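What follows is subunit A paired twice: with subunit B in the first complex and subunit C in the second.
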Partner chain A sequence: MAGILIPFLIFTPWLTAILVWFIGDKHEEGLHQFASAGAILSAILSLLLLSQIGDSTISFAKIGPLFGNLSFSTDALGIILACIANCIGSLTVIFSAEYMKHEKSLARYYSMVLLFIGAMSGLVLTANIFMIFFFWEITALCSYQLISFYNDDPNAVRGGLKALFITQFGGIGLMVAGLLIFGYTHSFEIGRFIQAAQGGEIPANVLGIIGFTLIIAATAKSAQFPFFTWLPDAMEAPTPVSALIHAATMVNAGVYLLCRFFPALEAVPGWKMTILILGLITILISSLMAIFATDLKRVLAYSTVSQLGYMFAAIGAGSVLACQFHLLSHAIFKALLFLCAGAIIHSCGTRDMYKMGGFFKKIPFISITFIIGSLALAGIPVLNGFWSKELILESIHSGTPIIIYILMLFSVILTALYTIRCVWLVFFGEPRSDLHVHDAPFLMALPLGILSLGTITSWLVFEPFSRSLSNSLPLYGIPKETLSELVSKIFGDPYTFLALGMVAIGILIWFLRNKLPLHNSITRKIKSISLNSFGFEAINNGVVNGINAASEAIRNIQTGSLNWNIFGMLIGLICILIALMIGGL
Partner chain B sequence: MNTLVIIAIVSLIAIGFYCLIITRNILKIIVALQVLVKGAMIAMILAGKLTDQMELAQSMAITIIVADTIVAVIGLAMSIQLREKTGTCDIHSISKLKR
Partner chain C sequence: MPMNPLFWLLITPIICALILYVVGRTIPPDDESSPNKAAWLSLFSILLTVVPFVMTAKKFTEEGPVSLTAGMITLTFDGISLLMTSVLLVLSAMVVLFSAQYMVAEDHEEKFYGQIMILMSSIMGLTTATDIFNLYVWFELMAVSTYTLVSFYRNRTESLESGIKYLVQSAAGSVLVILGTSILFGLTGEVKISAIRESILTSSPAVIAATACLLIGYGVKCAIVPMHFWLPDAHSQAPAGISALLSGIVIETGLIALLRALSAVSHAHLPLGTIFLVIGCINMFIGTFSALRQKEIKRMLAFSSVSQMGYILLGIGFAISFPASAQNAEGIFTHIFNHALMKGLAFLSAGALVYCIKVSKGNHEPLLLDDLNGVSAKYPLYSLAFTISMLALGGLPLFAGFISKWQILASGIAAQKSWVAFLIALAGINSVLSLGHYAPPINRIYRHVSNNNEVAISPKFQQAMIIPIIILTAAVILLGFFPGITAGITKVASETLYTMFY
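Then we have the complex of A and B:
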């Protein structure tokens, strides 16, 4: 059964993408309907696949000794992520029908979104590192195409190129890791690699290099320190794309990668600690940047970066279950927040929060759904974000030095602060400009309603979630917990109330902002550093300018004359021959 | 015997390279490429003979023949275009990369 469902799950969106491309821009209504139908069909297939979770690996074709088999695994880690990608994908496609109405080049838009959905399913389901790399690059391509969708806007083009370059850097990391794994195990199968790593067949130093190159791949794809600068600039994409690719699915690919290789690499000295510290630095930096950002979508982007940091920290603390559970919660509530933001931006036409204000009375439905999402983001009980975040905090408290736990608690204050600031600036207070807004039409309201329902209830699936992960991934050491155990563990732990106290402090800081001594030289300094993204923008620009200068310098060897080029090649050939001769002697 | 073949290979490749370096005429470039590739093909066959993999060498040789025929065909087509557009066979007449 799974052997039929998996290829259908990948090829349904891809075939729809090709057909959508052929339908073309002239039949707009048909495009919306056809794309929605394809996306909904693949969502249904992914839900059917949930019943097929097991620990088997299905091989379709032997490509040969070089590339390994075209094999897919049916464990919960991949299937749950595929399910998230397809379900949220179908909701964003439905949302796009209203959001992208009367836009140009809709065929390009829909075919890229559908190509992405299929590639994401493939990326998380395959059991072959070579295939992971293949799908990984397709998702990067779609991300680039969709960020630069409004290709007459120079900011969008620049943002897309930046995302492409930085995630390609991660792709190189993945490629190096894959080649090293192939070199030492003579196979691209992940299961074989985990077996070899645990059996000590791979030398410890090589395993270390594999581990750290995978960290580079994951940090670049998941927008973690020091590669997080691409995600805020990716907000030039149409908002449904931001919800799907840059909040719910593609940025989780890095987290997925680390989880997938977790049992092979957890024994590498310093591997988990590096992930933990990278996650922690990311959380603190991006939360501070979110506090001072004025663009609604950028605030959400920074909060995505920081929530991905929480997932990294959970992996660093050794809890794959907490990480995956937060991934599920975050995908739902962040897609909700982005789609709400999309609905607001669609109706008022600006992204600047300081031009909004007082929207609660004008657009009650969007306001309520947005507030549900932001309560989950801040970690207020009993929404899904609360449970998963407490699970992460608990695993960090029990598995790492106390200083890291204290810093995490500090980040909880920051999260609550930027969330309440964002909600307050958009929905409450006096209107700061006379923007005309209207509530969401049906096709926008439907995904918002479904996602807010998911935000309120998705934690109830914790029991089957942990059971399926634990049963299908015996090597990962995932505990089997019931829902009542989770509830009693979280509410029985005094530290939960400490964390809730931190949330309250964060909210209080916002309401007492005029009475607290916040307007001093220190906060001003923090603000100016945050607005300059802690100097990372400058580093990026430096790298870009350096490469530009280097390529200008190298241009001189492009003579444009065939004779000189051949002469150069001949000299190179002779050098290689001499080197080989010296090596042979 | 092998020494003779190696001498043939080296001289074919050397002639090909020499011709590529000195000529600007696109027809001569195509001829030079053919000579060069034939040298490489004989080298491939020799390698197959030395390592006892003649069937592999044979298939490689056939692949090379096909590939370099395509190169020659496309090159000749380009030379016709070049002649029609510029009236000469000098490839420097269309060089735009030069600074």
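Then we have the complex of A and C:
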């Protein structure tokens, strides 16, 4: 049954994408309906797949020489992520029917979104490392095309190209790792690699290279330090795209990659600690940047980076369960926040929070759903974000040095602070300008409602969640926990209340911001560093300028003069003679 | 000899060239907007050539390499010949069909098709050559048939300039080739490559001199840096179909000539593998960096060919350095096949766009990046094809380029040397950099604000342009999903390469 569902799950959105392209831009209503139908069908297929979770690997034909077999695995790690991708995908496609009304090039938009959804399903379900790379690169292609969807806007094109370069650069890490795995196990199957790695068949230095190149790939894709600068600029994409790709699915691919290879690499010296440190640095830097950002989507983007940092930290602490649980919660509440932001931006026409204010009375539905999402983000009980965040904090507390835990608590303050700041600036206080807003029409309100419901209730599936992960992934050491165990563990742990206290402090700082001595040179310094992305934008610009300068310099060898060209041949001849003499005589 | 299909394979294009030239010269086209009769005849000739090709291929799979002897010269059709001839037939059929509309009402239109046929014969002959002098003769025939194709627009000074530069550099290369060839003959008294390989078992100053001359001489034609300077001019000034042929098959045939020649010294303990690895890296980066600042589309594509040759050279370096890689060398030949299709698609779709925007109005100016602004609104099919070719060349999946790039790098890692990971990372970095010149044209194409406000024109025979573009697009996508399609021919080519060097 899984052997039929999985190919259908990938091909349904892809077939819809091709058909949407042929339907073309002239039949707008048909496009919206057809795309939504395709996406909803995929979502249903993915939910059906939940019943097929097991520990088997399904292998179809050999792809070709040096590519391995077309194989998929039915474990919970892949299937749960596939469900997230398809269900949230279908909600964003429904949302797009209203958001992208009367936009041009809709065929291209829907094709890319559907192509992306199919590729994401493939990425998490495949058991062949070449196929992971294949789908990984497809998601990068779709992300680039969708960020630069408004091709006439140079900022959008720049943002799209930046995302493409940085994630592709990370992709080199995945390519090197995949090829090394093939070279040393003569197989492309992930299961075989895990077996070989745990059995000591792979030389330690090679395993180390594989481990760290995979970290490079994951940090680039999930916008972690030092590759985080592409995600805020990716906010030029239409907001449903930001919700789907840059919050709920593609950026989780890096986290997924590390979880997938966890049992093979956890014993590599320094691997987990590196992931932990990278995650921690990311959380702190991005939280600071979120506190000072003025663009609503940028705040949410930095927040995404920060929450992904939490997931990285969980892996670094050794708990795949906590990481995946937070991935589930975060996908739901972040998609909710982005779609609400989209609804707001769509009606008022600006992303600048300092032009908003007092929206609560005008758009109650969007306000309430946004607040639900932000409560989950801040970690307020009993929303899904609270449970998963506490689980991560608990694993950090028990598995890592105490200084890390203290810094994580500090980050909880920062998270609460930027969340309340964002909510307050947009929805409360006096309106800062004369903007007209209207509440969400039905096709926008429906996904918001569903996601809010998910935010409130998704934690209830914890027991089947952990059980299925544990049963289908025997080599990963995932514990089985029941819901009551979770609840009693979290509420029984005094450190939970310490964390809640930190949330309270963060909220208090906001409300007392005018009374606290916050306007001094240190905070001004922090603010300016944050607004400059901690110098990483400068590094990016330096790299781009360096490459452009190198290319300009290389133009000089193309002299256009025949004499110089022949002279070039002579130089080549001399170099080859020298090389042959050194090697041959 | 008349029963030998290899004979007919080589002779058919030449006979057809003579016939179609005479027909084209004597029977004028129906009207000013119709192609010369020679165009349809040349397409027919290519299809006719497929018959002896299939027969030869069948004989090859059943009995092994097919030989044709005429006096002292033996021509042998082996795995590499099979691969190159398949690429040649597919690509030239597409180019000739495309050119039927593209070259309408040009001066000397019939000579264009005649020369392409001779080019085809020379390429097929070159890949079957077994002695070092005969190799040179076919190589020269191939070069001569391309000189006037490159400078076909003889009334444009840029076109003549690029033709002269190509001619002089190619001739300089040929001087070195004949020098190297004669040194080898002088050393061993043999011309047959297999005999020379048995005789030269140690290196010496003479062997080194001969190898260097051959490498540089043939290197001009296969775009090895620093002999590549003729490429950007020639590829951008030639008519679209010829650019496709040059990038797609001519430079690869130059590479095959180089490999055949070097296989003569393969037992002389020379560091050829390392040299190819280094040259491959240099080609990749020089090609990409040179292409990054280009504003002319065809020049950018020409530099991209230099870079793509770098991947192939890297693959050859792996194959020569490590026996394990040579046994898995399909990637090299898959990339030759796929690159011909992708580059062919790129040049043909860019050609279709420049035809509609400029050439059909008598303007032979090159296609600039700015001309692509918003072009997708009026020419959706050509835009989509061009976009797909750009993504394919950039090595993004769903398309053929991703597949062949992976195969080349996988062959490298088969040797289990961990320092190969460094070269793989370099190839990966080059791929990412190359997106810097493949991706921006796509963004330009799908803008909504465009330059040209005139109505899209519909040439009389536009199916002649559309059909090859659709076929090539479908091929690029199919090979991206089903790499096994070409597995048969690449495997035999890889086996032949192994026998040449081990």
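Please note the rule applied: the second predicted complex is superposed on the first by the 554 of 585 C-alpha atoms of A that agree within 3 Å, B and C clash if a C-alpha of one lies under 4 Å from a C-alpha of the other, contacts with A are read in each partner's own complex, and residues count from 1 in each chain.
Quick note on the criterion: contacts are C-beta pairs under 8 Å (C-beta built on N, C-alpha and C of every residue); 3 or more make two chains touch, one makes a residue touch a chain.
In this text, all values refer to a predicted model and were calculated from it rather than measured experimentally.
By the touch criterion stated above, A:556 is placed in contact with subunit B alone, subunit C being left untouched. Once the two structures are superposed, subunit B and subunit C can be ranked by residues of subunit A touched, with C on top.
Look at A:566: by the touch rule set out above, it reaches both subunit B and subunit C. Of the two partner chains, neither subunit B nor subunit C is touched by A:47.
By the touch criterion defined above, A:172 lies against subunit C but remains apart from subunit B after alignment on the C-alpha atoms of chain A.
By the document's definition of touching, neither partner reaches A:460: not subunit B, not subunit C. Judged by the touch definition given at the top, the superposed model places A:526 against neither subunit B nor subunit C. In the superposition on chain A, A:518 contacts neither subunit B nor subunit C. Under the contact criterion defined above, the residues of subunit A that touch both subunit B in one complex and subunit C in the other are 555, 558-559, 562, 566. Subunit C meets subunit A in the complex at residues 164-165, 168-169, 172-173, 176, 203, 205, 207-209, 211-213, 215-216, 219-220, 224-227, 229-230, 232, 268-271, 274-275, 278, 286, 289-290, 292-293, 328, 330-331, 391, 396-398, 402-403, 406-407, 409-416, 418, 420-421, 424-425, 428-429, 431-433, 435-436, 439-440, 443-444, 446-449, 482-484, 487, 490-491.
Taken together, the subunit A residues at the contact with subunit C in this complex read 62-67, 104-105, 108, 130, 133-135, 137-138, 140-141, 144, 148, 151-152, 157, 160-161, 164-165, 168-169, 171-172, 175-176, 179-180, 182-184, 203, 205-206, 209, 547-548, 550-552, 554-555, 557-559, 562, 564-566, 568-569, 571-573, 576-577, 579-585. Residue ranges on subunit A touching subunit B, taken from their complex, read 555-556, 558-563, 566-567, 570. Subunit B contributes residues 17, 20-24, 29, 91-92, 95-99 to its touches with subunit A in the complex.
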